[in-house]
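Data block below; observations after.
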Amino acid sequence: MQEFLTYSIYGTAFFLMLLGLYAVLMKKNLVKIVIGLTVLDSGLNLLFVAVGYISGGTAPIFSPAVVGKHVIMTDPVPQALVLTAIVIGFGVTAVALALVVRLYRKHNTTNIDEIKNLKW
Amino acid sequence: MDLFFIIIISVISLGAVFAIIRFIKGPTASDRVMALDTLSVMLIAVLVILGFLMKRYIYIDVSLVYAVLGFIGVITIARYLEGGI
Amino acid sequence: MTNIEIILTIVSLVLLIIAGFFAVLKKDLIHAVVATSVISLVLSLMFYLLQAPDVALTEAAIGIALSTIIFIITVRNTKRFEDK
Amino acid sequence: MNYIGYFLISIGTIFLFLGGLGILRMPDFYTRLQAGTKASTLGAMSSILGIGFLQPEWFIKTFIIVVFIAIANPLSSHALARGSHKAKQMPFLKDEKIGDAYEAVEEKLHKNQKKEDKK
């Protein structure tokens, strides 16, 4: 059961990443492309945290409940990486949405096919 | 005691499944936002119960953050539907 | 993992897939933003079940509040519907 | 102390389940909103207080969570109902003669406000 759950979490993470990649590559609307970026980010974060999980472990935080006892702890490195990646993903999303608003004010459309000239 | 908490979590999950069905069916945007609101309240209760089962005091902080910040997104979408912002 | 965590994991994985489809395929952008918010909510529960409460806390603060606000402001400054 | 905790958690679970059921079964948006808000708020508050009774060292933090839920959740539901009414979402009425009572009250308030401004 444990292995099945682990592989189903990996499968869901890859599925979310592929769904986000589909939205980035195939959609025509600019806001939809940014939403696809967010979905891709979510799948990647889930995959990283699931790789670092050890069955039966507890969180790598020291508190009076675990000090002095023999406990198993999960891997803290992927959690620290993901903690940084979430904040950076939010920054990327904010900059991309600001660019979308600027493009809409210049060209009066959000369809990516109608924005032809690269010069602003 | 373990069986008691299994039954508790199962019943709350069944309620969450009903909210998910409303999230799929819901004809307007307001229905979906309402399903999101109810799901987040259910999640707060489930997180506190899980923190009790795992015997770690730190885990309660996550649900405290949910209770403080969870309603801002709903209020923003409601103001957009009203025509404000 | 205990039995309780198995139940919650299965429910949240199904909800993740459904909300992912909604976020990508809906034509109304408000529905897509709400589905993105649901993805963030369930992802926070998954992090909690995988024993990473600090990541869950960050995801809750950013995904629920801030991300929704900037998406809504963008949709309000551009168009609501995605034309075909 | 333990039995009070188990009793409160059972009540909260039943109310959370009924909130989900009400969301699925009610006919129009506003009835669904009241089912989802009232039932789920009571359920969450009760079950969190039950955990506080089961583990007495955690009681202060659980009480803070309960206070925040009691402030935040009705606030968001009220904003949602007001926004949906402004967005012309009508409730499900059996006879059409009833009309929109909230609109009439708001117009009356608006007129009174204008009169006071003139004074």
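By letter and in written order, the chains are A, B, C and D; residue numbering begins at 1 in each of them.
Please note the rule applied: a contact is a pair of C-beta atoms (placed from the backbone, for glycine too) under 8 Å apart; a residue touches a chain by one contact, two chains touch by 3 or more.
Here the structure is a predicted model, which is why all the values come from computation and not from measurement.
Enquirer: Everything stays put except that chain C is ignored; which chain groups still touch one another?
Expert: Components, chain C removed in thought: just one piece.
Enquirer: For the pairs A-B and A-C, output the one whose chains share more C-beta pairs in contact.
Expert: Contact tally favours A-C.
Enquirer: Any idea how many Å lie between the Cα centroids of chain A and chain D?
Expert: Once rounded, the distance between the two centres reads 32 Å.
Enquirer: Provide the C-alpha centroid distance between chain A and chain B, rounded to the nearest whole angstrom.
Expert: Chain A and chain B have C-alpha centres separated by 21 Å.
Enquirer: How many angstrom between the C-alpha centroids of chain C and chain B?
Expert: Computed value for the inter-centroid distance: 12 Å.
Enquirer: Can you list the residues of chain C that touch 2 or more other chains?
Expert: Residues 33, 53, 73, 75 of chain C each touch two or more of the other chains.
Enquirer: Please list all residues of chain A that touch 2 or more other chains.
Expert: Residues 58-59, 61.
Enquirer: Any two chains that touch count here, so list every such pair.
Expert: Contacting pairs: A-B, A-C, B-C, B-D.
Enquirer: Please name which positions on chain C make contact with chain A in the complex.
Expert: 1, 6, 9-10, 13, 16-17, 20-21, 23-24, 29, 32-33, 36, 39-40, 43, 46-47, 50-55, 58-59, 62, 66-67, 70-71, 73-75, 77-79, 82-83
Enquirer: Which of the residues in chain C come into contact with chain B in the complex?
Expert: 2-4, 7-8, 11, 15, 18, 22, 28, 30-31, 33-35, 37-38, 41, 44-45, 48-49, 53, 56-57, 60-61, 64-65, 68-69, 72-73, 75-76
Enquirer: Within their complex, state which residues of chain A touch chain C.
Expert: Going through chain A, the ones touching chain C are 1-2, 5, 8-9, 12, 15-16, 19-20, 22-23, 27-32, 34-36, 38-39, 42, 45-46, 49-50, 52-53, 55, 57-59, 61, 74, 79, 82-83, 86-87, 90, 93-94, 97, 100-101, 104, 110-111.
Enquirer: Okay, in this complex, where on chain B does chain C touch?
Expert: Touch residues, chain B against chain C: 5-6, 9-10, 13, 16-17, 20, 23-24, 29, 32-33, 36, 39-40, 43, 46-47, 50, 53, 56, 58-59, 61-62, 65-66, 69-70, 72-73, 76-77, 80, 85.
Enquirer: Could you list, by residue number, the parts of chain A that touch chain B in their complex?
Expert: Of all residues in chain A, those touching chain B are 58-59, 61, 63, 65.
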